[in-house]
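Shared between the two complexes below is subunit A, which pairs with subunit B and subunit C, respectively.
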Partner chain A sequence: MTAAGRPGCPGMPGSLQLAAVTDDLRAFLASATGRDELRHIPAGTELFGPAVGLDSLTGTLLLREIQRRYGVDVAAEDLNLDSLATLGTLAAFVASRSDPPGPP
Partner chain B sequence: MTRAGTVKCVVWDIDNTLLDGVYLESGDQPPAADPVLAGVLAQLGGRGILHALASKNPPEAAAHTARVTGWQFAAAECGWDSKSAALARIAAGLGIGIDTLAFVDDDPYERAEVGSALPQVLVLSPEEAAEAAGWPEFSPPVVTAEARGRGQMYAQRQRRQAAGRAFAGTREAFLRAAGTEVTIAAATSADVPRLHELALRTRQFNSAAGQPAGGEATQEWFTQLLSARDHDVVTVRLRDTFGDDGVVGGCVIAHEPGTWTVPLLMMSCRAMGRGVIDAVLAWLIRQAARAGAGQLRIPCTANTRNVPLRLALAAAGLRAPHAGGPGPAVYQRDLSGTLPALPAGVRAPGEPPGEGQ
Partner chain C sequence: MRPVPLGNPVPLGNPVPPGNPVPPGNPVLPDNPVLPDNPVPSGRSVHVWWFDIRAVSPGAAGLASLDDGERERAAAFAFPADRHRYQVAHVMLRQVLARYTGTAAAGLAFGREPCPRCGGPSGRPVLVPPAGGVPVPGFSLAHSGDMVAIAVAGLPVGVDTEHAARGCVCSLATTLHPADAAWVAGLAEPARHEAIMTCWVRAEAVLKCTGEGIGHGLDGFEVRPVPGGGGPAAAAAVHGCAVREMTAPAGYRAAVALAGAGQIAVQTRRWT
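Let's turn to the complex of A and B:
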């Protein structure tokens, strides 16, 4: 479902892809929470910590968006949700799993 | 599969179904309600079943139908889109599964379209709907005060959501501005039917998937635990200036030496995004630690439906070793170290009244 030309499209070199996913997640968190400052949080920021304060509603929206955009079902692949520790761990989890299979 | 009480919402066509005629063809004398189906609306509504409208008509048709049937519909989709798309939007807006919808339409084409696009929906003709009150799908085993008021609560929810969208600020700020109050209290025998109903109906926020401690969460199970010395049964109520949702959640606590175990934690998905589950988990952690327990344990089987609960558990610092893939697991948290603050607007046993924090 990832449209070509979007940030995070398959086939990008790994580090570029990771940076794009990280930015994408920042933008989504900012819009889902209505807190613009989340566009600038460092990759080490804890998602469940006070700065982001991810809860079940925002978290569900975030995981649904990741599945839609990157085809990665985080909740099914990481039952314990350890990948949600920080922005950086989540972006790395998504980037590592959304790499090719390219277009069908 | 016909389980008792599986239908949570009936989606009705308007022309020649709820109305005795066609709205747009009737000039300045719009049709009256079909008297038989108007009676079915009230009968099913009294059991806590919601009603919604899906019609290829302008929105005025929905307002007219509400007036002549005397019914407050939980949702109305008017437009020229397919009925299956309208049903999907209604289910999403109400936060219920598509498999809990029934659909009534006099037009066999519309029934076929919904039946083929959404095979999990129970599709009925108006003649069949007239008798639906006698069917098991429309007969929930327990009907509580919360269930009877459910239609009204969804209308309150629409007003709350509209206000939330118009509010300039974070969701937390909106919840405070709306005067959100979460009240955690010891359950009494009067709460047992509602707790049983929650245990049956909740999916997204149910730690035990209906099977706490390997058995069913029957009314007898709750009643027996109410008098058990080593267990606590707890209710969670929610209200704000838009309305009173009553008991939206509950949990059972088993006190063991050094450990608090929660064999059942549940919340209505209607309360999602209003800080309820986070308040309950923070309270459990605080109270368990104060009682001298070293660990809080919540058994929970990870599945695709309970992702919201798993997120809440993770947010509250509970983790489970899922070494063997999906299946039963115990989420746990060590209780040494800093305790979480109780969110504002929460009243709970063992916590000072007031603003929380």
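Let's turn to the complex of A and C:
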């Protein structure tokens, strides 16, 4: 895990955090599946459609890993699960939810 | 592509020499296969067909047997290896089911039952009965890594298989029923990893048998095996099904679930 991917990393601009989360998810998918080509999938790649053929176990591992690393429970927080559409939407959802709360 | 040793203790659905992976593109399907009749298994029997995707080429006739939806889905894969796995799985599903129904593979039509939990459209895949009143079998398809498993029975059936070479799966324990999660938590590695995977394949087989799928979670029932007694799910209905693990090719684990209670008899079928 990169420092940029750490939840609440202070001073990290949003776009950089998003890129770091996206890379983090790519790296996790590649290591969980043993498929190195997943390190380079575009952000627009559908994750749970047929594009990369993720099986249910890998998909579940991915969501659990997101919860562990970023403290974001995607299935519980995104009720219509729009965030699961692509790698990019999932990373954006995680990046937005893992940001530290703003000043009151 | 990772070579997977196939020191399998059971005959596979297609011959693959152990330790000698066959590259994709080696056709085993004749374009016009002559297929013997194959009665749908009765009672608590389940036929399981295994295919190694490295040893099967779907062939022109096989690909032509897919319907528009299957072709669209195949076209959507980003990586050729995933497309190949999907094509082999669905061509072979049609070939296998054609043997039980006496229908041409291309003539089979698939539908989906409503989800028994939420009524949504993603319940159990079923065969639309062909004209002539031919009884249609229950079936289930699973794939992982290089292997495809197809289960056929006279009752609703579910099968799951998982490639064993996974990294840490500890986080999956939290998806299980609390009693199963507690059992898993009391084990030391590597037994813990094995137990989690065992619960996962058993639970997924059950949820494929009922048609709910894992979308509603796996934690609604206890599914762990118990030594001696065979576990709460051995012969008595768990979530409406009996479930058991079954012999799988080396490097894989697999479970099958069958609607209703009673021990399941698994017969591994060879493609000839």
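Here is the rule we go by: the second predicted complex is superposed on the first by the 85 of 104 C-alpha atoms of A that agree within 3 Å, B and C clash if a C-alpha of one lies under 4 Å from a C-alpha of the other, contacts with A are read in each partner's own complex, and residues count from 1 in each chain.
The rule we apply is simple: a residue touches a chain if its C-beta (ideal position, glycine included) is under 8 Å from a C-beta of that chain, and two chains touch if they have at least 3 such contacts.
The shown structure was predicted, so the numbers you read here are calculated from the model rather than taken from an experiment.
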Room on subunit A for both subunit B and subunit C (clash or fit): clash
Partner chain(s) touched by A:R68 [first = subunit B, second = subunit C, both, neither]: second
Subunit B versus subunit C as contact partner of A:T45, first or second or both or neither: second
Which superposed partner A:S31 touches (first subunit B, second subunit C, both, neither): second
Touched partner set for A:D55, first subunit B, second subunit C, both or neither: both
First, second, both or neither for A:D82, with subunit B first and subunit C second: first
Subunit C clash site on subunit B (candidates 55-63, 127-135 or 145-153): 145-153
Subunit B and subunit C footprints on subunit A, overlapping residues: 34, 53, 55-57, 60
Touch list for subunit A against partner subunit C, complex: 31-32, 34, 37, 41, 45-46, 49-53, 55-57, 60-61, 64-65, 67-68
Parts of subunit C lying in touch with subunit A, wherever the complex brings them together: 2, 73-74, 76-79, 82, 85-86, 143-144, 162, 165-167, 169, 171-172, 174-175, 200, 204, 213-214
Residues on subunit A engaged by subunit B in the complex (per definition of touch): 33-35, 48, 53-57, 59-60, 63, 75-76, 79-82, 84
Complex interface listing, subunit B residues touching subunit A: 169-172, 205, 272-273, 275, 277-278, 302, 304, 307-312, 314-315, 317, 319-322, 325-326, 329
